[in-house]
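Input: structures, listed below.
Paired with chain B in one complex and with chain C in the other, chain A is shared by the two complexes that follow.
Entry: the complex of A and B
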């Protein structure tokens, strides 16, 4: 095999092997996945149950090491509740273990008393013995009890030091995001489908221009193959996205999301391309009309799935609406280490398939002419 | 410490939350992609067979 001619096949093979294996087997960072109760009435001690996923203290126990708490191993030392915009907090040093799944128990005295505290959502943090934090934003709603108006508040009215949950410490593990949890790995499989579709459609657009410029039917067949395999990537992107949305956004197709609406229109335009192509029989007429159509809809497709969601006020997808994407909160260094190879690998694989389809269509075309 | 009924309920809910594992979504997505690509490859394969028969 000539390496220069087949380089993208090797890129697809090696990169995807790396991405699939790494994406499946690398562990997730510990994180708080749940809490109960989620609503607390003040004026007394409340037992909080905090579920910690991939709890570091469980992991260390599994190795049979007894040096827990010497700074190297992480055990919970404090549970802290902080609300937005306040300078104080509820906290306790009494943290107990419970259950096999990394559940923590913390007794906190919630007394509002004569203080001017208002009902609010509080973020929960578990401080670990090595100074790191596990956090869950806006996890608990604390509400004043009817009789809780006298006496001293247990709310600590001291300026709390900044709790930094996103420290830049490089570890080979994926970030544990609220809601996403383990499914954050789908970033390497669902998102590159769209990158691949866009790449193939862009190539198709380029070859459609080439056809109109030079009139070579080979260019048209190449562009057609790219569009068809691009549509395959798009369909797989839709189905995988729906699967992912079902478990995280609790809906197969949350219709309020601007990105989904854009994709629905965009995919219909490309399905119309297939329809248009199948109705025309004269190869030159078909090539000319579908080339123009392909060039015409590609920028509209980009606008629908990339630009419109950015302009709209809100979206569930990162990188659109008010939400951020591709910054340090969405993509940490471990994610980047797998996401970029995934994009390149999937594009190479789809290009490879499209190229096979092109060669088959070319042979068929030559047979028809012979 | 004796647990009240509410506390027991909370414990069960918490346990369920802890076991709720989204890894299955990742497996499902990977399987969908590979099945989709394989189906397309089978279609291509059929096309090649047809051409082979004609020549």
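Entry: the complex of A and C
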């Protein structure tokens, strides 16, 4: 087997093996998945139950080890509630474990008293013994009780101590974000499908131009294979996207998203390409006409899935229509270590499949002519 | 000279249309019937229609009329006659003459359409000149996009189905922009605040026309 000629097959195999294994087996960073109650009325002590996912103290087997508390292990030392606008801050040092140690119990005295504190949403942070934080933004709503207007308030006014949860030091684990949770791993499958589709359709467009310039029927068969496998990648992108949307956006096909609608229209254009191809019988005429159509629709397809969603005012997809890009979620770049190889690997794999289809089509063509 | 060639071809199209008037009459009747159906199913039942629905409905009517009007561009004349044109005219002249002629037809259809539509459905448009500009840009865009698609579809066997399947997805970006611009006109927003949308639409029209000029010669030669 000629190594140099088949380099992309090696790229596809090795990169995708790395991405699939790493993407499935690397753990998520610890994070808070939820807490109860979510609404607190002030004036008295309240028990907060905080559920921690992938708790580091469980992973490190901190229990049964005598060195707890010397700073080596990550055990919770403080629970802090901070509000965004007006600075309200409650905290407690008394953090207890509940049951299997995956849930934390914290008693906090919520008294607003004579302070000018307003009702607000509070973010919850768990400070660990090594100085790091686990956080859940805007998790609790604290409102003033009817009689809670006299006496000293228990909240701390420390505006200088702002908790910066955005800074994460590098470690080999995926980010743990609210709503996304474990589904963040789908990034290595859903997004590269679209990159691969775009790449294959771009190659198809290029070979269509080549056919019109040089008139070699092989270029047309190659372009056709690229389009067909590109549509396959698009369908798989839709399926992986629909499952992801079901988990995060609660719907298989959220209607308001311009990217989804753009892709639906774009796919119809390429399905029309296949229809057009099947109605023409003369190979040269078919090649000429479908090449023209393929060149004509490719820029419109790009406009539909890449440019129009960026211009539209609302979109659910990251990085379009006012939403933050996915890189905001990936602060220590662990995702990138897998995402870029995934993109290259999937493009190489689809190119491989399209190439096989091309060779089969060539053999069929030869049998027809023989 | 290419310009005289285009002019001669446009005149030929007009004469053909004038000699057998059934096509243009059919188009106007189609338009009137569709508008009347819309009137019966919306206005006559509910007494009032939401302006956004008014606008969308009108553009959908225009879209279907355009597909009908432009779709026959290349199937109307026999293959032998096309070969005859091929011998003396440049393909660029053929497609540009078709685009210009279809633009004129679409302008006529739009104006008759908006007149009749306003008559039966009422006219909530706040800024009529801007609405007319969107109609003109729409006529150019529909005519240029659909002319090339008609040229492609005429090569296949089942050209009416092919025409519909290929043109609807292609026309959607244009239609969305047109809906946005005409919505602004509906709300009475002034012309000066819509320059960028007009510019995008104009640029899209020009891109499609240039693309048609580049790609049509490959369809035309057999």
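The working rule: the second predicted complex is superposed on the first by the 355 of 370 C-alpha atoms of A that agree within 3 Å, B and C clash if a C-alpha of one lies under 4 Å from a C-alpha of the other, contacts with A are read in each partner's own complex, and residues count from 1 in each chain.
FYI, a residue touches a chain if its C-beta (ideal position, glycine included) is under 8 Å from a C-beta of that chain, and two chains touch if they have at least 3 such contacts.
Just so we're clear, the structure is a prediction, and the values are computed from it rather than from any experiment.
After overlaying the two complexes on the shared chain, residue contacts for A:285 are found with chain C alone; chain B is out of touch.
Judged by the touch definition given at the top, the superposed model places A:37 against chain B, while chain C stays out of reach. By the touch criterion defined above, A:108 lies against neither chain B nor chain C after alignment on the C-alpha atoms of chain A.
By the touch criterion stated above, A:79 is placed in contact with neither chain B nor chain C. Looking at the shared chain after the overlay, A:128 reaches neither chain B nor chain C. Within the superposed three-chain model, A:221 lies out of touch with both chain B and chain C [touch as defined at top].
Once the two complexes are overlaid on the shared chain, A:203 sits clear of chain B and of chain C alike. Considering their complex, residues 212, 265-266, 268-269, 272, 275-276, 279-280, 285, 288-289, 291-293, 295-297, 299-300, 303-304, 308 of chain A touch chain C. Those residues of chain C that touch chain A in the shared complex are 148, 152-153, 155-158, 162, 165-166, 168-170, 172-173, 176, 207, 211, 215-216, 218-219, 222. For chain A in complex with chain B, the touching residues are 20, 23-24, 33-37, 47, 49, 51, 53, 98-99, 101-103, 180-183, 185-186, 189-190, 193, 229, 232, 235-236, 239-240, 243-244, 246-248, 349, 353, 356-357, 360, 363-364, 367.
Of all residues in chain B, those touching chain A in their complex are 7, 10-11, 13-15, 17-26, 28-30, 32-33, 36-37, 40-41, 44, 47-48, 51, 54-55.
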